[in-house]
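Here chain A shows up in two complexes: once beside chain B, once beside chain C.
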Partner chain A sequence: MNKILNRKIKPMEKYLMLILVVYIGIVSMTSKNFLTMNTLIDLLKSSSGTLILAAGVLVVLISGGIDVSFTAVAVVAAYCSIRISMMLGIDNLFFIMLVSIILGGIMGAINAIIIQTLKISTFITTLGTSSIFYGFMTTFVGTESISVADKPSALLAFGSARVFNIPTFFILAVLILILTWFILYKTMLGRTIFAIGNSEESASRVGINVFKTKLFVYTYMGVLSGIMGVVYFSEIDLINPISLVGTELMIIAAVVIGGIRLTGGDGTILGAILGVSIIQIFKSTLVFLGLSTSWNDLFIGLILIISVSIISYGERKSNKEKLIFTK
Partner chain B sequence: MSEILLKGKNIWKSFDGVHALKDIDIEIEKGKIICLAGENGCGKSTLVKILSGVHQPTKGTIEIEGEEITNLTPIKAIEKGIQVIYQDLSLFPHMSVAENIAMNHMVRSREKFIDKKEIEKIAKEQLEKIGANLDINMPVRNLSIANKQLVAIARALSLDTKILFMDEPTTALTKKEVSKLLKIVVGLKEKGISIVFISHKLNEVFEISDQITVIRDGIKVGDFSAKELNPKSLSFYMTGREIGHGRYRKPEKTENVLELKNLTKTNNYTDINIELEKGDILGITGLLGSGRTELALSIFGLNAPESGEILVEGKKVEIKSPVDALDNGIALLPEDRLTQGLFLDSSEKVNITATILDKIKNKFGILNSKEEKVLAKNTVNKVNVNNKNIDLKVRNLSGGNQQKIVLGKWMVTDPKVFILDAPTVGVDIGSKSEIYEKIQDSARDGMGIILISDELEEIMANCNKVAIMHEGKIIKALNESDLDKEGIEEEMFNIINNSKRGEIVE
Partner chain C sequence: MLRHSKKILVLLSIMMVLAVTTACGSKDGAKGSDENVLQIALVAKHEGIPWFEDMKKGVEEFSKDNEGKVKAWQLAPEGGDPAKQVQIVEDLIAQNVDAIVVVPNDPDAMRPVLERAKEKGIVVISHEAAGLVDVVDYDVEAFDNDSFGVLMFDELAKSMGGKGKFAAMVGGLTMETHMAWYYAGMNHLRENYPEMVAVSQQPYEDKNDDKIARDKAIEIINAHPDIEGFVGTSVSAGSNMASVLKERNYNGIKVVSLGIPSVSGPYLEDGFMAHAQTWRPADAGYASVNLAYKMLNKEDIKDGIDLGRPGYESITIKDKIVYGNAPLELKKGTFEPGNYPF
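Up next is the complex of A and B:
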């Protein structure tokens, strides 16, 4: 494993992998239906959207910020894009995707501009803009649902498409994760994202353009939200623009479970993937254990607290050995 | 005449109508070491910020290599070869040593992609240049302050640096580390790099500077050569008044207020025996890592000892937490006042009364705000904080005045034993002598004081007993008559710096 990663695997990642293996073991022993091709494919398909968003959230958290507007951006970008394509009669997946990406990117850039020029905290800014974006849509575009019969056929085709039996969604999500990994670890841009997450002051002192970096971070989050919005509406039958919004904290929680610091500057793709996997697997497998979905929230809350306290305990312990009492 | 790299002419700077700098002229010659000396808040840091493009001067011009530069920005300054190492070092704690060192170079090179090998190459090259040996893959947060400093220097040199500003680079270092740093600085000078030091510690200034520029209250007092000055005249130029401290002497024998018997904690300290009388000022010195801070934390209940006894006024006590320590009349002024000693974003009042809330609350637990104000006012006056507004946030005070607040906050608890860990680090000489005065006054009133310090002059001026620690052991104890001996300071210096592992100096 260390060889594949080209680095030491973090204790947190080890611990998450252990949980996953043990949990999957328990579920597959209790239910024979779990380890079947169909369940696995369903799992991959339903995880795709979350993985795409998690990639964006990871980048935002590493940069030292937080974004709670991405579900609103996803819904607004994709819904508007679908309505535009229906209005123009262009039943083409790439067109819908492109428009949604552009809209998402614009909304992300607006976040960055507000954060930088008005110097408001990232949380407050995105809390505000999420209402603004969503409110803009409900007021000027509407919230009418689109039924399967009216839905552009390109979306229906995208929803069921598979390559070598693997859902296209999942392939898309993997490509995005690879791209995110490449940006974070192989480009100068990625280095500046880590740098501003470590310390904005220090970053600007070495001559990093903090605004440019933030502009990228939030636009990237917006673009990924735009893509995810289209994926999301392709997956479900009825396009209902009042869904999805409200699940953003769960996705942030998934990334945090993966050991990514909310204070910025540190985090790994593997951690984010493991965090999402845990949440997704819990969500879709409680049925196999004969538990109702209401157990879901309870489990996820517990995992969140436990995993974060493990990190915090480790840090406190090592600080105490070094006689540091500040944390 | 040699080449002038950077010139500031008639520089004025005001913040909100207050003049921070008044008509300052400064010239920095190639390959010279210049020291900017002055008390906290005199404007020397502001001057550095102007010369490196962080602030714009209100009036005046800046010339770099003969060319007048308007609107100097940090990026422009870096391109012209000006690098500043700030007191906080501006490193990236979660990134590795290599990434930190290569960061400047990478940002400047405008490369789009990262080449890990290139990063490691740059880092190794730069560390070699200054003769430092560090694990380049270690995250910077795990390094000691001295090593962090080396990383910051290596990073600053990774570009074509002509002038290097260093803001108080030696405050957090031990003597040994300081001399290593100064050696590096002299090496840089030989390579033709100009270094501008901003420092409080007078003797270091003398050792290596070609020119000493003294600033007081925003006005340049003058440029001096090191030969023209002695510590006394320099401190006079810096403060505008004569400063001298007499030795502290304890009048007569009194009863013990604190005794440590065979106190031991593995890897921290071994078999420590100390007797502290009322009115004693016991100096504990030794290199960083000698166990002195660990010992202080144990007496204050933050680092439980494994064996041995602590006696307060002859009675054996268990000190498991700072609360126990306070109940037994023990106070600690911590090494790092910013993170451990103060609530930076709270007012002077809140900081001062934080230690005695129990005394100013009524039986329903509600604070008596009138009494709180009176107490805070008295304390602020007693320790002579320069800004007497008790509602002012402590963050806005200078280092020396912040330290006076920490001192005052513990003084109000009226402790029997007061441990001061490096009380004058980063404190200007004016405040320093006021702090010494307060310490000595308290001792005269019968407080037992333990003063932990790197600075032998500080120990000599204030202590009537000294213990030198090395690798967790007290290797030399000195009493009042020992301290009166001729050449004792040099002897102590040699003991501290030459003691080898496990060797006991008799």
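Up next is the complex of A and C:
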């Protein structure tokens, strides 16, 4: 594992893997129907959307910001794109995807421009813009749901498509995770994202264009939201634009569980994937365990607090060793 | 900076003036009628969605049936915003209409403004808001919850041949109507179909969310491959289970659910849903407005009176709640495929 990652596995990641293995063991012993290929494939498919968003959230958190508008961006971009394609009579997945990506990118760029030019905190900005984007859609486009009979058939086909029995959604999510890894660790741009996350001031003094970096970070988040929106509406039969919004904090929580600091400058793809896996597995094994949905919140809350405590404890310990007393 | 703030001020004042003028403009609908025509407004939850478009048809039909005596019309907030809905009711009070029928998005937010309407002597009727009976004159319900639940679970038992394992899903364990249907239905099964077994002590929840309903449906099929039936008290529950079954082309689970024709229709046609049930919004709208009209005419409101629509021919009244007996059962062929009224 260390060899594949080309780095040491962080203690946090080890701890998450341990939890996953133990938990999967418990569920498999309780229900013999859990550990099957079908269950795994269904799990991969239903987690794909969250994984795509988590990749974007990871990049935003590393840059030292926080974005709570991405679910609104996903719904608005994808719903508008689908309505446009239905109006024009273009029943093509690539067209719908492209329009949704462009709309998502524009909304992301708007976030970046407001954050940089007006110097408002990223949380407040995106909290505001999420209402603006969503309000724009409800006022000018409407929120009429589109039933399975009227829905573009390209989306229905995309929803059930599989390559070698692997859902296309999941392949798309993996490609996005690889791309995100490449940008973060193999490009100059990735280095600047880490740099502004650690200290914007220092980064700008060594000549990094902070605005350009932020523009990329939020546009990337918007683009991924646009893609996720189309995936989301392809997966479920009824296109209902009043769904999804409100789940953003759970996705941020998933990434934070994976050991990504809210203060920026630190985080790994593996951590984000593990965080999402834990939340998804908790969510989708309650039926196997015969527990009610309320257990879900309890589990996730506990894991969130425990992981954040471990991160903060580790940080304090290492700071003490290195004689750093500022944080 | 100063120049900028001036610009913003000017812009703001223009917007405010515009807002005032457009708001005044939209009130025209109610004005200019003569004194003897009663004015009844129905305030629905959401503008432009099929359910309330159908309700609007019922209201307009009532207005037409009683032309010269009543003017009835329907209003609803864009996007289903509860605050805008309260605003609409406030405007109606200012216009001094004779009666207001309301289908509230948020009953508690609606309460104070309805109290004010009552103080001004306006007749106030609610629909789907039994919690407001202490404020309104009457609340109208299409059926009593127990019989609706019994109907649903009885259809499940019949489609499964009276025995076997099944899973149940509700919108949420805290949703009163869903739980009332669930408990009434489960009691009915216990007494009449003892061989019907639920796989879980408590029903599953979908929070009225399609993604959750779909994920849960998949899990239920994977965790309990031996179930033969599924009953859902939310539209999402039944339609998503049917959708998963359709994707897997599996016919072994009979799906019975709350459903509306435009969402559940295709699955009923394909045979992946056995039965869906709902109530007709047009009839509920017609009956509610008719009740307000009868009150304005000082007619005696008592058990057995006719509100002029199928299912509402002989209403029962309990604690200021008016019950019809108007469940609408949807089966294959109830409506022409692709031509659903709501």
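Everything that follows uses one rule, which is that the second predicted complex is superposed on the first by the 316 of 327 C-alpha atoms of A that agree within 3 Å, B and C clash if a C-alpha of one lies under 4 Å from a C-alpha of the other, contacts with A are read in each partner's own complex, and residues count from 1 in each chain.
Simple rule for what comes next: a contact is a pair of C-beta atoms (placed from the backbone, for glycine too) under 8 Å apart; a residue touches a chain by one contact, two chains touch by 3 or more.
Bear in mind the structure is a predicted one, so any value in this text is a computation, not a measurement.
Annotation for the three-chain superposition on chain A: chain B and chain C fit side by side.
Among chain B and chain C, the chain that touches a larger number of residues in chain A is C. Look at A:S46: by the touch rule set out above, it reaches chain C but stays clear of chain B.
When the two structures are aligned on the shared chain, A:T36 is found in touch with chain C, with no touch to chain B. Of the two partner chains, neither chain B nor chain C is touched by A:T117.
When both complexes are overlaid on chain A, the residue A:T187 reaches chain B alone and has no touch with chain C. In the superposed model, A:E201 makes contact with chain B only, not with chain C. Contact with chain C, but none with chain B, is seen for A:S243 once the two complexes are overlaid on the shared chain. In the superposition on chain A, A:T143 makes contact with chain C only, not with chain B. Once both structures are fitted onto chain A, a short way to say it is that chain B and chain C open up an angle of 130° at chain A, using Cα centres and rounding to the nearest 10.
Of the two partner chains, chain C is the only one that A:Y232 touches; chain B does not reach it. Within the superposed three-chain model, A:F288 lies in touch with chain C and out of touch with chain B [touch as defined at top].
Superposition on chain A leaves chain B and chain C with their closest Cα atoms 16 Å from each other.
Residue overlap on chain A between the chain B contacts of one complex and the chain C contacts of the other is empty. Across the interface of their complex, chain A is touched by residues 74-75, 78, 84, 86, 90-95, 99, 103-104, 106-108, 110-114, 155, 293-294, 297, 302-303, 339-340 of chain B. On the chain A side of its complex with chain B, the touching residues are 185-192, 194-195, 197-199, 201-208, 261, 265-266, 323, 325-326. Touching chain C in their complex are the following residues of chain A: 31, 33-34, 36, 38-39, 42, 46, 138-139, 142-145, 147-149, 160, 232, 235-238, 240, 242-244, 283-288, 290, 292-293. The part of chain C that touches chain A in the complex is made up of residues 48-50, 78-80, 173, 200-202, 204-205, 207, 209-211, 214-216, 218-220, 222-225, 236, 239-240, 243, 247, 262-263, 265-266, 338.
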